[in-house]
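Chain lettering (A, B, C and D) follows the sequence in which the chains are written, and residue indices restart at 1 in each chain.
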């Protein structure tokens, strides 16, 4: 019972959803659309479980004064304040409200700065990884440098090669790059088909429990 | 209309924003209490925001409103949601959660199986069969004026793509031919990775420039900047953060990390 | 209001325009049963066109189906009903195309009880005052199979992957050896788990940041099943950092059963499967926190990643941890390649769970996709040759229209 | 010497961060100017706006959020300036949830500078969820997709919307696009079907994906990333900015040059050090 029901459900639902692609009939599509909406609802409901998990992980740390408990407390308070502000503002979340203030002056800069760390990491990763140890690494390095030089306005103003560099960069982007990407896409699609089939046929069942 | 006089809340907000920006940037030096504070604020706030948006964007219109309108079918997802919560209620009923999980995994696996196969397999293959005769007529072997289009590029595309695909061939025993093809595939992959890496640099630096412009107050109209004094805020917050880091290090903070690094 | 529209329409000059000619209604091939294709020859002098539809008969009653369009439009795909659950399609539909002059008012957009009456008045005024084509009948047909070559080829490919899987499984059962080359990246996963055990530190697993909808996330969950089982066997710990709550729920189930299958159901701590935040960079910050403060010995990033890939991998580098990454997201592969010890590229990600499990039924799927891969390469070469000789047969074969 | 090179190769990466930080901050505080060329795609974009007549109305789809603000906001500002200067009317929509709080204040600000009247000369119809479906709907029927503008006025009653029902009715559609949904979807969903003229400004990362659209004539112009924005600024303000206007991208372009130069320099030095010390390391 505990295993068979999920297995049968997997097979039926999976097969039905594969059919969505090949069966254009509107009566069929009504149901596939309905199923997908259920999936979206489940994913949304799981947010509550996520919240519970968060509290289960962090609240004991605060109560037992474990390492970093103060920060965890800050996090829980920030969460509570934002939630209350969000639900009090309700439909008017875009208007002036505590929620909007929190959004504009804390969320936006924190988000943007976290993202901006990449400018620094990309420099250190490039420095470390781009050493011409062998032919592969040399190509990686060469392509990166050509593209970087060709992309900036200063590169285009270089004498003689300034004209050809952007064109050569476009060639790298249009030919070898496209060839490699398509290979990744095609391979991944084959992998996806095999994975999907393994799930639907019940060969992969680690998500369905052990007992 | 742009308000010419900012409220004190907005000015305070702009200062908070600058302080948090510097707090996150302090991570580049080391994991430290200032960063930790910013990080945990960020976590709490972001979860609060996403839960609010999820409720108003999905749960209410797709579930609650539909149930309220008497849509009988909506009972099914409601029941599945309840099953998902079963694990919290008791260990014995925990297995019930597998039913919605089986449902959602199977549904998406089914849909994506065909979706991926169409978008990433069929379409990509269809686009990778160049007409070499036409390329020869229009561009010859290699045409600088068309970014290197021509027969060479056409053949390179097909051969490179095939070699990359065969590089992923799992059943291959390492014969010399196979090794050669695979090597060529790897070289094409490396060219592509290097180019993509180089290409992304610009976007990433732009992001940091954006942050720097805010710190220096260059992103706002002059009259707003005059009220906020962003440069003053940056210097004050910057000095505070650095002073704190110095004191923190002198007291032995972060020593453990140094050891690891 | 209604009277006003009626008046405006009646007052319009009668000789404004000529009707469209050659209106024809066709049932599209392999249709959902809700669509009809209309085409016509646009009149030279119409300012705009409006399409009327009836589900009763040639005599109406007529409703505005679509438009007004600019007078030059000559074709339209008509959806006969927008919500088939509430209004199922009728057996037949009739269409008339009305040519409008510049002064004709657009259709009323009233809501509520008087909407129907307003529309009727508007349509009546149109048909009285403006030139219209005769009614043409169309019959929507819902199809139960898209049988165009592209769809059939795709179906055949999927079925043959399935068929080959069964065939290889059968062969393996009969004792035929099933050779799969070694994959260093995947072998490194096992070594990484061993290393974590030796160091007494946990393994960090990040299943990407995409929704469960993404097949990479699903693949990552299946891999997590194999990995958590190995971790349990080694009596080590695994921390799973999730960006999407529903993914955490699945991961919870998966890791729990991994421990159970290994025979240590009590060693599993659900608090180690964590929901961090569903916001991309907040998740990144939180996961960075785990990397720096819990210092896992091995980081495994498998799934769909976006810009956070490099932040995670570079933070992890400071720890001197072994880092194994895998994704089919082409834009992020360069960063993983640059910053991680091993990177699984595209298809290899989908091969991990089969490879780790060593279960012949799963391994057979790798063999099956190998055969399809060879078929694709052959098609590429043959298709290019054919295209160069002017035949687009193969291109069309792989094109799925609509 | 060799030891120094060896240490350089394995230096604490925080020195790299510091260098990066300085190469971004310094040129912002002490601006330098290398000058730059305008590429053909940006020129084409500029020309297609220039070709509009006073009284024409364009449709702008502003699809970017705070994350890509540094790259796209300068273009967006200069573009609005360009349009209003020519007395072209602007109808704006957005497919990105987080775009409105960012784009609307700027629209109001630039419009006010030119004395434009909301509802008559410009309008913001609001945010529409649904991604590709929303784009299809914009192609089919705008008043139906956006029954009211963002202030609640029925779209049909807005004077500016008179005679504009579909994307096709606008002589030009400008898409400021930070990703999905954006230019790719506009081109694939409705450009071909209605034969629309679309111009796009996009992030540096997606530019290579959109260049083929430009080459195939599906886009009438394309400005990619910060350089695209800076070039457009240069075209719109050939004599430098008026008082109260900042050219953020032009200001940033030299920073971008220096940032790239810094990374390239690091890689080159790293490789020189690597080759000189290779034997030592072995």
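Just so it is clear, contacts are C-beta pairs under 8 Å (C-beta built on N, C-alpha and C of every residue); 3 or more make two chains touch, one makes a residue touch a chain.
This structure is a prediction, so every number in the text was calculated from the model and none was measured.
The set of chains touching chain A and also touching chain D is given as B, C.
The largest tally of C-beta contacts between two chains is found for A-B. Taking the mean Cα position of each chain as its centre, C sits at the greatest distance from chain D. For the pair chain A and chain B, the distance between mean C-alpha positions equals 5 Å.
Our note on geometry: chain B versus chain D, Cα centroid distance of 19 Å, whole angstroms. Distance between chain centres (mean CA atoms), chain C to chain D: 27 Å.
Look at where the CA atoms of chain A average out and do the same for chain C: the two points lie 15 Å apart.
Counting only residues that touch two or more partner chains, chain C has 154, 157-158, 212-213, 215, 218, 221, 246, 249-250, 253, 278-279, 281-282, 285, 293, 330-331, 333, 335, 337-338, 345-348, 351, 366, 369, 373, 376.
Under the contact definition stated at the top, the residues of chain D that touch 2 or more other chains are 17, 20-21, 24, 67, 69, 204-205, 208, 227, 256, 259-260, 263. Shared interface positions of chain B, i.e. residues touching 2 or more other chains, are given as 24, 27-28, 36, 39, 42-43, 45-47, 49-50, 54, 84, 98, 101, 104-105, 108-109, 111-114, 116-118, 121, 125, 128, 161, 165, 168, 189, 193-194, 196-197, 199-202, 205, 207-208, 210, 261.
Viewed as a network of touching protein chains, the structure reduces to a complete graph with every chain in contact with every other. Chain B contributes residues 24, 27, 31, 36, 39, 42-43, 45-47, 49-50, 54, 84, 87, 97-98, 101, 104-105, 108-109, 111-114, 116-118, 121-123, 125-126, 128-134, 154, 158, 161-162, 165-166, 168-174, 189, 193-194, 196-197, 200, 257, 260-261 to its touches with chain C in the complex.
Those residues of chain C lying in contact with chain B across their complex are 150, 153-154, 157-158, 179-181, 183, 212-215, 218, 221, 246, 249-250, 252-253, 276-279, 281-282, 285-286, 288-289, 292-293, 295, 318-320, 330-331, 333-335, 337-338, 345-348, 351, 366-367, 369-370, 373-374, 376-377, 379-381, 383-384, 386-390, 394-400.
Considering their complex, residues 18, 21-30, 39, 42-43, 46-51, 53-54, 56-57, 67-68, 110-111, 114-115, 117-118, 121-122, 124-126, 128-130, 140, 180-181, 183-188, 190-199, 201, 203-204, 206-211 of chain A touch chain C. Partner chain A is touched in their complex by these residues of chain D: 13, 16-17, 19-21, 24, 34-37, 66-67, 69, 100-101, 204, 208, 211-212, 227, 230, 253, 256-257, 259-264, 266-268, 270-271, 274-275. If you check the complex, the residues on chain B that touch chain A are 9, 13-14, 16-18, 20-21, 24-25, 27-28, 36-56, 58-59, 62-63, 73, 76-77, 80-81, 84-85, 88, 95, 98-121, 124-125, 127-128, 144, 147-149, 153, 156-157, 160-161, 164-165, 167-168, 185-202, 204-205, 207-208, 210-211, 214.
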